[in-house]
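The next block holds one structure in the form of C-alpha coordinates; read it before the comments.
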Amino acid sequence: MSPRPAPQPRAAYRHIRAIPTRWMDNDVYGHVNNVTYYSYFDTVVNGYLIERGALDIARSEVIGLVVETRCNYFRPLSFPETIEAALRVAHQGTSSVRYEIGIFRAGEDAACAQGHFVHVYVERASGRPVALPDDLKRALAPLVV
Amino acid sequence: MSPRPAPQPRAAYRHIRAIPTRWMDNDVYGHVNNVTYYSYFDTVVNGYLIERGALDIARSEVIGLVVETRCNYFRPLSFPETIEAALRVAHQGTSSVRYEIGIFRAGEDAACAQGHFVHVYVERASGRPVALPDDLKRALAPLVV
Amino acid sequence: MSPRPAPQPRAAYRHIRAIPTRWMDNDVYGHVNNVTYYSYFDTVVNGYLIERGALDIARSEVIGLVVETRCNYFRPLSFPETIEAALRVAHQGTSSVRYEIGIFRAGEDAACAQGHFVHVYVERASGRPVALPDDLKRALAPLVV
Amino acid sequence: MSPRPAPQPRAAYRHIRAIPTRWMDNDVYGHVNNVTYYSYFDTVVNGYLIERGALDIARSEVIGLVVETRCNYFRPLSFPETIEAALRVAHQGTSSVRYEIGIFRAGEDAACAQGHFVHVYVERASGRPVALPDDLKRALAPLVV
(Lines give C-alpha, C1' and ligand atoms only; values in the text may rest on other atoms or scores of the structure.)
Protein backbone atom coordinates (compact mmCIF):
# COMPACT_ATOMS: atom_id res chain seq x y z
CA MET A 1 0.00 0.00 0.00
CA SER A 2 1.13 3.58 -0.65
CA PRO A 3 2.87 5.23 2.33
CA ARG A 4 0.66 7.14 4.73
CA PRO A 5 1.06 10.92 4.50
CA ALA A 6 2.02 12.94 7.57
CA PRO A 7 -0.50 15.32 9.16
CA GLN A 8 -0.01 18.89 7.95
CA PRO A 9 0.01 22.02 10.11
CA ARG A 10 -2.51 24.87 9.90
CA ALA A 11 0.07 27.13 8.25
CA ALA A 12 -0.06 24.89 5.18
CA TYR A 13 -3.58 26.18 4.42
CA ARG A 14 -4.97 29.57 3.35
CA HIS A 15 -8.60 29.67 4.56
CA ILE A 16 -10.44 28.29 7.58
CA ARG A 17 -14.14 27.51 8.12
CA ALA A 18 -15.53 26.46 11.49
CA ILE A 19 -17.99 23.56 11.21
CA PRO A 20 -19.81 22.43 14.35
CA THR A 21 -20.33 18.70 14.38
CA ARG A 22 -23.86 17.28 14.64
CA TRP A 23 -25.27 14.40 16.64
CA MET A 24 -25.66 12.33 13.49
CA ASP A 25 -21.98 12.76 12.56
CA ASN A 26 -21.01 10.24 15.23
CA ASP A 27 -21.26 6.66 14.16
CA VAL A 28 -21.83 3.58 16.24
CA TYR A 29 -18.24 3.67 17.54
CA GLY A 30 -18.75 7.18 18.97
CA HIS A 31 -16.63 9.12 16.47
CA VAL A 32 -17.35 11.20 13.42
CA ASN A 33 -17.94 8.71 10.60
CA ASN A 34 -15.40 8.60 7.77
CA VAL A 35 -18.11 9.60 5.28
CA THR A 36 -18.92 12.83 7.08
CA TYR A 37 -15.46 14.30 6.53
CA TYR A 38 -16.31 14.58 2.85
CA SER A 39 -19.35 16.61 3.79
CA TYR A 40 -16.96 19.00 5.55
CA PHE A 41 -14.86 19.04 2.35
CA ASP A 42 -17.67 20.07 0.03
CA THR A 43 -18.98 22.53 2.60
CA VAL A 44 -15.67 24.40 2.88
CA VAL A 45 -15.05 24.39 -0.91
CA ASN A 46 -18.53 25.39 -2.06
CA GLY A 47 -19.10 27.72 0.90
CA TYR A 48 -15.92 29.57 -0.02
CA LEU A 49 -16.90 29.84 -3.69
CA ILE A 50 -20.42 31.08 -2.91
CA GLU A 51 -19.27 33.62 -0.36
CA ARG A 52 -16.61 34.99 -2.80
CA GLY A 53 -19.24 35.34 -5.52
CA ALA A 54 -17.77 32.63 -7.74
CA LEU A 55 -20.74 30.25 -7.48
CA ASP A 56 -24.48 30.82 -7.48
CA ILE A 57 -26.04 27.38 -6.99
CA ALA A 58 -29.23 28.23 -8.86
CA ARG A 59 -27.91 30.46 -11.63
CA SER A 60 -24.20 29.95 -12.40
CA GLU A 61 -23.65 28.86 -16.00
CA VAL A 62 -20.49 27.06 -14.91
CA ILE A 63 -20.57 24.55 -12.05
CA GLY A 64 -17.98 22.26 -10.48
CA LEU A 65 -18.41 18.51 -10.72
CA VAL A 66 -16.42 16.32 -8.36
CA VAL A 67 -14.20 13.79 -10.16
CA GLU A 68 -11.93 12.63 -7.33
CA THR A 69 -11.80 12.81 -3.55
CA ARG A 70 -9.52 11.28 -0.96
CA CYS A 71 -9.08 11.46 2.79
CA ASN A 72 -6.55 10.18 5.32
CA TYR A 73 -7.74 9.90 8.88
CA PHE A 74 -5.21 10.36 11.70
CA ARG A 75 -7.14 10.96 14.91
CA PRO A 76 -10.86 10.75 15.69
CA LEU A 77 -13.24 13.67 16.26
CA SER A 78 -16.61 13.54 18.01
CA PHE A 79 -19.83 15.47 18.44
CA PRO A 80 -20.23 18.05 20.03
CA GLU A 81 -16.84 19.41 18.91
CA THR A 82 -16.61 22.28 16.47
CA ILE A 83 -13.99 21.33 13.90
CA GLU A 84 -12.13 23.64 11.57
CA ALA A 85 -11.85 22.86 7.85
CA ALA A 86 -8.77 24.45 6.28
CA LEU A 87 -8.49 24.95 2.52
CA ARG A 88 -5.85 25.56 -0.13
CA VAL A 89 -5.57 25.18 -3.89
CA ALA A 90 -2.72 22.87 -4.92
CA HIS A 91 -3.19 22.85 -8.67
CA GLN A 92 -5.21 24.58 -11.37
CA GLY A 93 -5.55 22.86 -14.75
CA THR A 94 -7.38 24.13 -17.81
CA SER A 95 -10.78 23.08 -16.46
CA SER A 96 -9.98 21.58 -13.11
CA VAL A 97 -8.93 22.61 -9.62
CA ARG A 98 -7.38 20.42 -6.97
CA TYR A 99 -8.44 21.63 -3.54
CA GLU A 100 -6.67 20.27 -0.46
CA ILE A 101 -8.35 20.25 2.91
CA GLY A 102 -7.19 19.72 6.47
CA ILE A 103 -9.61 18.99 9.29
CA PHE A 104 -8.43 20.36 12.63
CA ARG A 105 -9.53 20.10 16.20
CA ALA A 106 -9.80 23.53 17.87
CA GLY A 107 -6.50 24.52 19.44
CA GLU A 108 -4.42 21.85 17.68
CA ASP A 109 -1.83 22.47 14.99
CA ALA A 110 -1.69 19.04 13.34
CA ALA A 111 -4.55 17.93 11.12
CA CYS A 112 -6.81 15.14 12.43
CA ALA A 113 -7.60 14.28 8.81
CA GLN A 114 -6.62 15.62 5.43
CA GLY A 115 -7.42 15.03 1.82
CA HIS A 116 -8.23 16.46 -1.54
CA PHE A 117 -11.20 17.23 -3.71
CA VAL A 118 -10.91 17.73 -7.48
CA HIS A 119 -13.51 19.79 -9.31
CA VAL A 120 -13.87 19.84 -13.07
CA TYR A 121 -15.75 22.94 -14.12
CA VAL A 122 -18.41 22.37 -16.75
CA GLU A 123 -21.06 24.30 -18.58
CA ARG A 124 -24.17 23.48 -16.58
CA ALA A 125 -26.42 22.99 -19.61
CA SER A 126 -24.19 20.64 -21.62
CA GLY A 127 -21.94 19.15 -18.93
CA ARG A 128 -18.90 20.00 -21.08
CA PRO A 129 -15.65 21.08 -19.42
CA VAL A 130 -14.82 24.76 -19.86
CA ALA A 131 -11.79 26.92 -19.14
CA LEU A 132 -11.85 28.19 -15.56
CA PRO A 133 -13.90 31.42 -15.57
CA ASP A 134 -12.12 34.64 -14.56
CA ASP A 135 -14.29 35.22 -11.49
CA LEU A 136 -13.42 31.72 -10.29
CA LYS A 137 -9.70 32.33 -10.86
CA ARG A 138 -9.90 35.57 -8.91
CA ALA A 139 -11.70 33.82 -6.05
CA LEU A 140 -9.10 31.05 -5.99
CA ALA A 141 -6.03 33.31 -6.06
CA PRO A 142 -5.81 33.74 -2.24
CA LEU A 143 -5.96 29.95 -1.79
CA VAL A 144 -3.06 29.07 -4.07
CA VAL A 145 0.04 27.65 -2.39
CA MET B 1 -56.19 17.62 8.49
CA SER B 2 -55.31 19.29 11.75
CA PRO B 3 -54.92 23.07 11.53
CA ARG B 4 -51.46 24.38 10.77
CA PRO B 5 -49.73 26.02 13.73
CA ALA B 6 -48.50 29.62 13.51
CA PRO B 7 -44.75 30.36 13.51
CA GLN B 8 -43.48 31.25 16.97
CA PRO B 9 -41.17 34.14 17.87
CA ARG B 10 -37.69 33.79 19.34
CA ALA B 11 -38.92 34.98 22.73
CA ALA B 12 -40.92 31.74 23.06
CA TYR B 13 -37.65 29.79 23.46
CA ARG B 14 -34.99 29.70 26.17
CA HIS B 15 -31.74 28.61 24.50
CA ILE B 16 -30.22 29.19 21.04
CA ARG B 17 -27.59 27.20 19.12
CA ALA B 18 -26.14 28.41 15.82
CA ILE B 19 -25.90 25.62 13.23
CA PRO B 20 -24.20 26.39 9.91
CA THR B 21 -25.87 24.57 7.05
CA ARG B 22 -23.82 22.20 4.87
CA TRP B 23 -23.73 21.65 1.13
CA MET B 24 -25.46 18.28 1.55
CA ASP B 25 -28.36 19.84 3.49
CA ASN B 26 -29.77 21.25 0.24
CA ASP B 27 -31.87 18.83 -1.73
CA VAL B 28 -32.55 18.73 -5.43
CA TYR B 29 -34.94 21.68 -5.17
CA GLY B 30 -32.21 23.90 -3.70
CA HIS B 31 -33.48 24.09 -0.12
CA VAL B 32 -32.62 22.36 3.13
CA ASN B 33 -34.31 18.96 2.94
CA ASN B 34 -37.16 18.28 5.38
CA VAL B 35 -35.19 15.42 6.94
CA THR B 36 -32.25 17.62 7.87
CA TYR B 37 -34.32 19.76 10.25
CA TYR B 38 -34.52 16.76 12.56
CA SER B 39 -30.75 16.61 12.56
CA TYR B 40 -30.82 20.21 13.83
CA PHE B 41 -33.32 19.08 16.49
CA ASP B 42 -31.21 16.28 17.92
CA THR B 43 -28.10 18.43 17.70
CA VAL B 44 -29.60 21.26 19.77
CA VAL B 45 -31.14 18.88 22.34
CA ASN B 46 -28.18 16.56 22.85
CA GLY B 47 -25.62 19.35 22.47
CA TYR B 48 -27.35 21.21 25.27
CA LEU B 49 -27.46 18.14 27.52
CA ILE B 50 -23.79 17.29 26.93
CA GLU B 51 -22.56 20.83 27.46
CA ARG B 52 -24.56 21.09 30.74
CA GLY B 53 -23.08 17.83 31.99
CA ALA B 54 -26.35 15.91 31.87
CA LEU B 55 -25.28 13.47 29.15
CA ASP B 56 -22.04 11.62 28.53
CA ILE B 57 -22.57 9.68 25.28
CA ALA B 58 -20.11 6.92 26.19
CA ARG B 59 -20.71 6.60 29.93
CA SER B 60 -24.11 7.88 31.09
CA GLU B 61 -26.16 5.12 32.71
CA VAL B 62 -29.33 6.91 31.65
CA ILE B 63 -29.83 7.86 28.01
CA GLY B 64 -32.71 9.46 26.10
CA LEU B 65 -34.53 7.48 23.42
CA VAL B 66 -36.64 9.36 20.92
CA VAL B 67 -40.28 8.25 20.86
CA GLU B 68 -41.90 11.05 18.87
CA THR B 69 -40.85 13.91 16.62
CA ARG B 70 -42.77 16.41 14.51
CA CYS B 71 -41.96 19.41 12.39
CA ASN B 72 -43.95 22.10 10.56
CA TYR B 73 -42.14 23.88 7.75
CA PHE B 74 -43.08 27.49 7.01
CA ARG B 75 -40.35 29.00 4.86
CA PRO B 76 -37.32 27.41 3.17
CA LEU B 77 -33.69 27.73 4.23
CA SER B 78 -30.63 27.06 2.09
CA PHE B 79 -26.91 26.40 2.29
CA PRO B 80 -24.72 28.40 3.02
CA GLU B 81 -26.94 30.07 5.66
CA THR B 82 -26.21 29.63 9.37
CA ILE B 83 -29.51 28.83 11.03
CA GLU B 84 -30.37 29.14 14.71
CA ALA B 85 -32.04 26.30 16.59
CA ALA B 86 -34.04 27.54 19.59
CA LEU B 87 -35.02 25.21 22.41
CA ARG B 88 -37.49 25.02 25.29
CA VAL B 89 -38.98 22.31 27.48
CA ALA B 90 -42.76 22.18 27.26
CA HIS B 91 -43.45 19.21 29.50
CA GLN B 92 -41.69 16.88 31.90
CA GLY B 93 -43.32 13.54 32.70
CA THR B 94 -42.04 10.86 35.06
CA SER B 95 -39.56 9.50 32.49
CA SER B 96 -40.08 11.74 29.50
CA VAL B 97 -39.37 15.25 28.33
CA ARG B 98 -41.06 17.09 25.49
CA TYR B 99 -38.59 19.48 23.90
CA GLU B 100 -39.87 22.10 21.47
CA ILE B 101 -37.62 23.58 18.83
CA GLY B 102 -37.83 26.57 16.52
CA ILE B 103 -35.55 26.95 13.50
CA PHE B 104 -34.78 30.58 12.70
CA ARG B 105 -33.06 32.45 9.91
CA ALA B 106 -30.47 34.91 11.25
CA GLY B 107 -32.08 38.29 11.91
CA GLU B 108 -35.66 37.06 11.68
CA ASP B 109 -38.11 36.81 14.56
CA ALA B 110 -40.59 34.26 13.18
CA ALA B 111 -39.58 30.61 13.01
CA CYS B 112 -38.97 29.14 9.53
CA ALA B 113 -39.85 25.74 10.98
CA GLN B 114 -40.84 24.42 14.37
CA GLY B 115 -41.52 21.15 16.03
CA HIS B 116 -41.05 18.87 18.97
CA PHE B 117 -38.90 15.98 20.08
CA VAL B 118 -39.92 13.64 22.91
CA HIS B 119 -37.25 11.75 24.82
CA VAL B 120 -37.99 8.87 27.13
CA TYR B 121 -35.11 8.37 29.53
CA VAL B 122 -34.07 4.77 30.02
CA GLU B 123 -31.44 2.79 31.82
CA ARG B 124 -28.86 2.15 29.09
CA ALA B 125 -28.23 -1.47 30.01
CA SER B 126 -31.85 -2.65 30.22
CA GLY B 127 -33.69 -0.09 28.09
CA ARG B 128 -36.22 0.36 30.93
CA PRO B 129 -37.71 3.85 31.56
CA VAL B 130 -36.44 5.53 34.72
CA ALA B 131 -37.41 8.62 36.68
CA LEU B 132 -35.64 11.72 35.29
CA PRO B 133 -32.26 11.92 37.05
CA ASP B 134 -31.60 14.98 39.22
CA ASP B 135 -28.70 16.22 37.08
CA LEU B 136 -30.98 16.11 34.05
CA LYS B 137 -33.73 18.00 35.89
CA ARG B 138 -31.23 20.67 36.92
CA ALA B 139 -29.98 21.00 33.35
CA LEU B 140 -33.54 21.32 32.04
CA ALA B 141 -34.72 23.92 34.56
CA PRO B 142 -33.59 26.97 32.51
CA LEU B 143 -35.43 25.63 29.46
CA VAL B 144 -38.84 25.21 31.08
CA VAL B 145 -41.59 27.56 29.86
CA MET C 1 -48.78 15.22 26.07
CA SER C 2 -51.05 13.77 23.42
CA PRO C 3 -51.67 10.03 23.73
CA ARG C 4 -49.27 7.77 21.93
CA PRO C 5 -50.76 6.05 18.87
CA ALA C 6 -50.79 2.26 18.57
CA PRO C 7 -48.61 0.55 15.95
CA GLN C 8 -50.56 -0.24 12.79
CA PRO C 9 -50.52 -3.51 10.86
CA ARG C 10 -49.28 -3.95 7.29
CA ALA C 11 -52.84 -4.34 6.02
CA ALA C 12 -53.46 -0.69 6.86
CA TYR C 13 -51.17 0.34 3.99
CA ARG C 14 -51.43 0.04 0.19
CA HIS C 15 -47.85 0.00 -1.14
CA ILE C 16 -44.53 -1.37 0.17
CA ARG C 17 -40.94 -0.41 -0.67
CA ALA C 18 -37.95 -2.34 0.66
CA ILE C 19 -35.17 -0.06 1.92
CA PRO C 20 -31.90 -1.67 3.03
CA THR C 21 -30.39 0.19 5.96
CA ARG C 22 -26.87 1.64 5.67
CA TRP C 23 -23.95 1.69 8.08
CA MET C 24 -24.44 5.41 8.67
CA ASP C 25 -28.10 4.96 9.64
CA ASN C 26 -27.03 3.60 13.02
CA ASP C 27 -26.29 6.24 15.58
CA VAL C 28 -24.01 6.07 18.57
CA TYR C 29 -26.50 3.93 20.49
CA GLY C 30 -26.44 1.26 17.78
CA HIS C 31 -29.89 1.85 16.30
CA VAL C 32 -31.23 3.65 13.26
CA ASN C 33 -31.25 7.32 14.21
CA ASN C 34 -34.65 9.04 14.54
CA VAL C 35 -33.73 11.42 11.70
CA THR C 36 -33.15 8.64 9.20
CA TYR C 37 -36.76 7.44 9.34
CA TYR C 38 -37.74 10.64 7.57
CA SER C 39 -35.32 9.77 4.81
CA TYR C 40 -37.25 6.52 4.43
CA PHE C 41 -40.48 8.59 4.31
CA ASP C 42 -39.41 10.85 1.47
CA THR C 43 -37.85 7.93 -0.37
CA VAL C 44 -41.07 5.88 -0.37
CA VAL C 45 -43.27 8.87 -1.28
CA ASN C 46 -41.12 10.36 -4.03
CA GLY C 47 -39.97 6.97 -5.31
CA TYR C 48 -43.62 5.98 -5.74
CA LEU C 49 -44.49 9.22 -7.56
CA ILE C 50 -41.50 8.97 -9.91
CA GLU C 51 -42.07 5.32 -10.73
CA ARG C 52 -45.79 6.00 -11.48
CA GLY C 53 -44.85 8.86 -13.80
CA ALA C 54 -46.33 11.57 -11.56
CA LEU C 55 -43.02 13.29 -10.78
CA ASP C 56 -40.00 14.08 -12.93
CA ILE C 57 -37.48 15.71 -10.59
CA ALA C 58 -35.83 17.78 -13.30
CA ARG C 59 -38.83 18.67 -15.44
CA SER C 60 -42.18 18.53 -13.64
CA GLU C 61 -43.91 21.91 -13.59
CA VAL C 62 -45.64 20.94 -10.35
CA ILE C 63 -43.58 19.73 -7.38
CA GLY C 64 -44.46 18.76 -3.81
CA LEU C 65 -43.12 20.82 -0.92
CA VAL C 66 -43.15 19.27 2.52
CA VAL C 67 -45.11 21.33 5.06
CA GLU C 68 -45.46 18.85 7.94
CA THR C 69 -43.94 15.56 9.04
CA ARG C 70 -44.29 13.45 12.15
CA CYS C 71 -43.05 10.11 13.38
CA ASN C 72 -43.71 7.87 16.37
CA TYR C 73 -41.02 5.34 17.19
CA PHE C 74 -42.07 2.04 18.82
CA ARG C 75 -39.15 -0.38 18.47
CA PRO C 76 -35.60 0.10 17.24
CA LEU C 77 -34.15 -1.06 13.92
CA SER C 78 -30.48 -1.50 13.09
CA PHE C 79 -28.10 -1.82 10.17
CA PRO C 80 -27.79 -4.27 8.32
CA GLU C 81 -31.55 -4.94 8.34
CA THR C 82 -33.65 -4.29 5.25
CA ILE C 83 -36.74 -2.42 6.42
CA GLU C 84 -40.01 -2.05 4.57
CA ALA C 85 -41.69 1.34 4.18
CA ALA C 86 -45.45 1.06 3.72
CA LEU C 87 -47.49 3.89 2.25
CA ARG C 88 -51.09 5.08 2.06
CA VAL C 89 -52.90 8.34 1.33
CA ALA C 90 -55.10 9.45 4.21
CA HIS C 91 -56.36 12.75 2.84
CA GLN C 92 -56.34 14.79 -0.36
CA GLY C 93 -57.06 18.52 -0.13
CA THR C 94 -57.24 21.01 -2.99
CA SER C 95 -53.44 21.33 -3.20
CA SER C 96 -52.20 18.99 -0.51
CA VAL C 97 -51.84 15.29 0.19
CA ARG C 98 -51.36 13.64 3.54
CA TYR C 99 -49.28 10.51 3.13
CA GLU C 100 -49.05 8.05 6.03
CA ILE C 101 -46.11 5.72 6.37
CA GLY C 102 -45.36 2.64 8.45
CA ILE C 103 -41.84 1.30 8.88
CA PHE C 104 -41.76 -2.47 9.31
CA ARG C 105 -39.17 -5.07 10.16
CA ALA C 106 -39.17 -7.95 7.68
CA GLY C 107 -41.58 -10.66 8.80
CA GLU C 108 -43.35 -8.53 11.42
CA ASP C 109 -46.91 -7.30 11.20
CA ALA C 110 -46.80 -4.35 13.62
CA ALA C 111 -45.03 -1.16 12.58
CA CYS C 112 -41.73 -0.34 14.33
CA ALA C 113 -42.42 3.32 13.57
CA GLN C 114 -45.15 5.25 11.81
CA GLY C 115 -45.89 8.77 10.82
CA HIS C 116 -47.11 11.17 8.20
CA PHE C 117 -45.77 13.47 5.54
CA VAL C 118 -47.83 16.33 4.07
CA HIS C 119 -47.01 17.64 0.60
CA VAL C 120 -48.40 20.88 -0.78
CA TYR C 121 -48.15 20.85 -4.55
CA VAL C 122 -46.89 24.08 -6.06
CA GLU C 123 -45.98 25.47 -9.45
CA ARG C 124 -42.21 25.06 -9.54
CA ALA C 125 -41.50 28.46 -11.06
CA SER C 126 -43.63 30.59 -8.70
CA GLY C 127 -43.94 28.41 -5.61
CA ARG C 128 -47.73 28.98 -5.65
CA PRO C 129 -50.05 26.13 -4.61
CA VAL C 130 -51.98 24.56 -7.45
CA ALA C 131 -54.86 22.10 -7.70
CA LEU C 132 -53.58 18.51 -7.67
CA PRO C 133 -52.75 17.59 -11.29
CA ASP C 134 -54.73 14.76 -12.86
CA ASP C 135 -51.69 12.53 -13.36
CA LEU C 136 -50.91 12.89 -9.66
CA LYS C 137 -54.49 12.04 -8.69
CA ARG C 138 -54.37 8.94 -10.89
CA ALA C 139 -51.09 7.87 -9.32
CA LEU C 140 -52.48 8.36 -5.82
CA ALA C 141 -55.75 6.49 -6.35
CA PRO C 142 -54.38 3.02 -5.43
CA LEU C 143 -52.98 4.45 -2.17
CA VAL C 144 -56.22 5.95 -0.87
CA VAL C 145 -57.72 4.33 2.23
CA MET D 1 -2.19 15.77 -10.87
CA SER D 2 -1.98 12.00 -10.86
CA PRO D 3 -3.51 10.34 -13.92
CA ARG D 4 -7.15 9.38 -13.72
CA PRO D 5 -7.76 5.64 -13.41
CA ALA D 6 -9.92 3.82 -15.95
CA PRO D 7 -13.32 2.41 -14.93
CA GLN D 8 -13.10 -1.26 -14.04
CA PRO D 9 -15.47 -4.01 -15.15
CA ARG D 10 -17.69 -6.07 -12.85
CA ALA D 11 -15.47 -9.11 -13.31
CA ALA D 12 -12.74 -7.31 -11.38
CA TYR D 13 -14.77 -7.68 -8.17
CA ARG D 14 -15.81 -10.67 -6.05
CA HIS D 15 -19.01 -9.66 -4.23
CA ILE D 16 -21.99 -7.47 -5.12
CA ARG D 17 -24.52 -5.68 -2.89
CA ALA D 18 -27.55 -3.88 -4.29
CA ILE D 19 -28.12 -0.49 -2.66
CA PRO D 20 -31.25 1.46 -3.62
CA THR D 21 -30.60 5.18 -3.72
CA ARG D 22 -32.65 7.51 -1.51
CA TRP D 23 -34.23 10.89 -2.19
CA MET D 24 -31.62 12.60 -0.02
CA ASP D 25 -28.73 11.08 -1.99
CA ASN D 26 -29.37 13.54 -4.82
CA ASP D 27 -27.77 16.90 -4.33
CA VAL D 28 -28.81 20.24 -5.71
CA TYR D 29 -27.48 19.34 -9.18
CA GLY D 30 -29.79 16.31 -9.35
CA HIS D 31 -27.17 13.57 -8.96
CA VAL D 32 -25.98 11.41 -6.10
CA ASN D 33 -23.64 13.61 -4.06
CA ASN D 34 -19.95 12.69 -3.99
CA VAL D 35 -20.14 12.16 -0.21
CA THR D 36 -22.83 9.52 -0.47
CA TYR D 37 -20.62 7.11 -2.44
CA TYR D 38 -18.58 6.63 0.72
CA SER D 39 -21.74 5.62 2.53
CA TYR D 40 -22.14 2.92 -0.11
CA PHE D 41 -18.50 1.91 0.54
CA ASP D 42 -18.88 1.42 4.28
CA THR D 43 -22.24 -0.27 3.78
CA VAL D 44 -20.85 -2.91 1.41
CA VAL D 45 -17.73 -3.52 3.53
CA ASN D 46 -19.37 -3.70 6.95
CA GLY D 47 -22.49 -5.39 5.63
CA TYR D 48 -20.30 -8.12 4.17
CA LEU D 49 -18.35 -8.56 7.42
CA ILE D 50 -21.49 -8.71 9.57
CA GLU D 51 -23.29 -11.15 7.30
CA ARG D 52 -20.22 -13.46 7.21
CA GLY D 53 -20.01 -13.40 11.01
CA ALA D 54 -16.73 -11.48 11.14
CA LEU D 55 -18.17 -8.37 12.81
CA ASP D 56 -20.68 -7.90 15.60
CA ILE D 57 -21.11 -4.14 15.97
CA ALA D 58 -22.00 -4.31 19.65
CA ARG D 59 -19.75 -7.13 20.83
CA SER D 60 -16.69 -7.75 18.61
CA GLU D 61 -13.46 -7.25 20.52
CA VAL D 62 -11.75 -6.29 17.29
CA ILE D 63 -13.20 -3.52 15.11
CA GLY D 64 -12.06 -1.85 11.90
CA LEU D 65 -11.13 1.84 11.92
CA VAL D 66 -10.98 3.66 8.62
CA VAL D 67 -7.60 5.26 7.92
CA GLU D 68 -7.89 6.10 4.23
CA THR D 69 -10.59 6.35 1.59
CA ARG D 70 -10.60 7.51 -2.01
CA CYS D 71 -13.10 7.67 -4.84
CA ASN D 72 -12.97 8.52 -8.55
CA TYR D 73 -16.26 9.51 -10.12
CA PHE D 74 -16.80 8.72 -13.81
CA ARG D 75 -20.52 9.06 -14.53
CA PRO D 76 -23.38 10.36 -12.39
CA LEU D 77 -26.09 8.29 -10.72
CA SER D 78 -29.47 9.53 -9.48
CA PHE D 79 -32.35 8.62 -7.21
CA PRO D 80 -34.45 6.45 -7.70
CA GLU D 81 -31.86 4.10 -9.23
CA THR D 82 -30.72 0.98 -7.40
CA ILE D 83 -26.94 0.90 -7.65
CA GLU D 84 -24.67 -2.10 -7.13
CA ALA D 85 -21.61 -1.87 -4.91
CA ALA D 86 -18.94 -4.40 -5.89
CA LEU D 87 -16.19 -5.42 -3.49
CA ARG D 88 -12.76 -7.05 -3.52
CA VAL D 89 -9.75 -7.20 -1.22
CA ALA D 90 -6.58 -5.88 -2.88
CA HIS D 91 -4.16 -6.17 0.03
CA GLN D 92 -3.94 -7.62 3.53
CA GLY D 93 -1.27 -6.28 5.87
CA THR D 94 -0.54 -7.38 9.42
CA SER D 95 -3.39 -5.29 10.85
CA SER D 96 -4.89 -3.67 7.80
CA VAL D 97 -7.05 -4.51 4.80
CA ARG D 98 -7.39 -2.52 1.62
CA TYR D 99 -10.87 -2.99 0.20
CA GLU D 100 -11.60 -1.79 -3.32
CA ILE D 101 -15.11 -0.92 -4.39
CA GLY D 102 -16.79 -0.29 -7.72
CA ILE D 103 -20.19 1.40 -7.97
CA PHE D 104 -22.20 0.17 -10.94
CA ARG D 105 -25.44 1.14 -12.62
CA ALA D 106 -27.74 -1.86 -13.12
CA GLY D 107 -27.03 -3.52 -16.44
CA GLU D 108 -23.74 -1.73 -17.08
CA ASP D 109 -20.32 -3.35 -17.06
CA ALA D 110 -18.10 -0.31 -16.45
CA ALA D 111 -18.00 1.26 -12.99
CA CYS D 112 -19.65 4.69 -12.58
CA ALA D 113 -17.29 5.30 -9.67
CA GLN D 114 -14.58 3.33 -7.93
CA GLY D 115 -12.32 3.69 -4.97
CA HIS D 116 -10.78 2.13 -1.92
CA PHE D 117 -11.31 1.95 1.79
CA VAL D 118 -8.53 0.94 4.20
CA HIS D 119 -9.42 -0.56 7.57
CA VAL D 120 -6.94 -0.95 10.39
CA TYR D 121 -8.19 -3.55 12.83
CA VAL D 122 -7.84 -2.59 16.47
CA GLU D 123 -8.71 -3.93 19.87
CA ARG D 124 -11.92 -2.06 20.68
CA ALA D 125 -11.02 -1.32 24.29
CA SER D 126 -7.51 0.07 23.75
CA GLY D 127 -7.62 1.20 20.13
CA ARG D 128 -4.36 -0.68 19.49
CA PRO D 129 -3.80 -2.42 16.13
CA VAL D 130 -3.95 -6.21 16.27
CA ALA D 131 -3.13 -9.00 13.86
CA LEU D 132 -6.10 -9.78 11.61
CA PRO D 133 -8.27 -12.32 13.49
CA ASP D 134 -8.75 -15.73 11.90
CA ASP D 135 -12.50 -15.33 11.47
CA LEU D 136 -11.87 -12.09 9.59
CA LYS D 137 -9.26 -13.73 7.37
CA ARG D 138 -11.67 -16.55 6.57
CA ALA D 139 -14.41 -14.05 5.72
CA LEU D 140 -12.07 -12.10 3.46
CA ALA D 141 -10.67 -15.08 1.55
CA PRO D 142 -13.41 -15.11 -1.16
CA LEU D 143 -12.81 -11.40 -1.80
CA VAL D 144 -9.08 -11.60 -2.46
CA VAL D 145 -7.94 -10.88 -6.01
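A, B, C and D are the chain letters, set down in written order, and residue numbers restart from 1 in every chain.
The rule we apply is simple: a residue touches a chain if its C-beta (ideal position, glycine included) is under 8 Å from a C-beta of that chain, and two chains touch if they have at least 3 such contacts.
Quick caveat, the model's predicted, so the values are computed rather than measured.
**Q** Of all chains present, which has the mean Cα position farthest from that of chain A?
**A** C
**Q** Residue numbers at the chain A-chain D interface: does the shared fraction exceed half, giving same, or fall under half, giving different?
**A** same
**Q** When the centre of a chain is set as the mean of its C-alpha atoms, what distance in Å lies between chain A and chain C?
**A** Whole-Å distance between the two chain centres: 33.
**Q** I'd like the Å distance between the centres of chain A and chain D, where a centre is the mean of that chain's Cα atoms.
**A** One centre to the other, that is 22 Å.
**Q** Could you tell me the distance, in whole angstrom, between the mean C-alpha positions of chain A and chain B?
**A** 29
**Q** Indicate the residues of chain A shared as contacts by at least two other chains.
**A** In chain A, residues 23-24, 26, 28, 30, 33, 35, 39, 42, 57 touch at least two other chains, as defined above.
**Q** Residue numbers of chain C touching chain D in their complex, please.
**A** Chain C reaches chain D through residues 18-20, 22-24, 26, 30, 39-40, 42-43, 46-47, 50-51, 57-58, 78-80.
**Q** What residues on chain B touch chain C, complex-wise?
**A** 1, 4, 28-29, 33-36, 38-39, 41-42, 57, 63, 65-73, 91, 93, 96, 98, 118
**Q** Would you mind writing out the residues of chain D in touch with chain B in their complex?
**A** That would be residues 23-24, 26-28, 30, 33, 35 of chain D.
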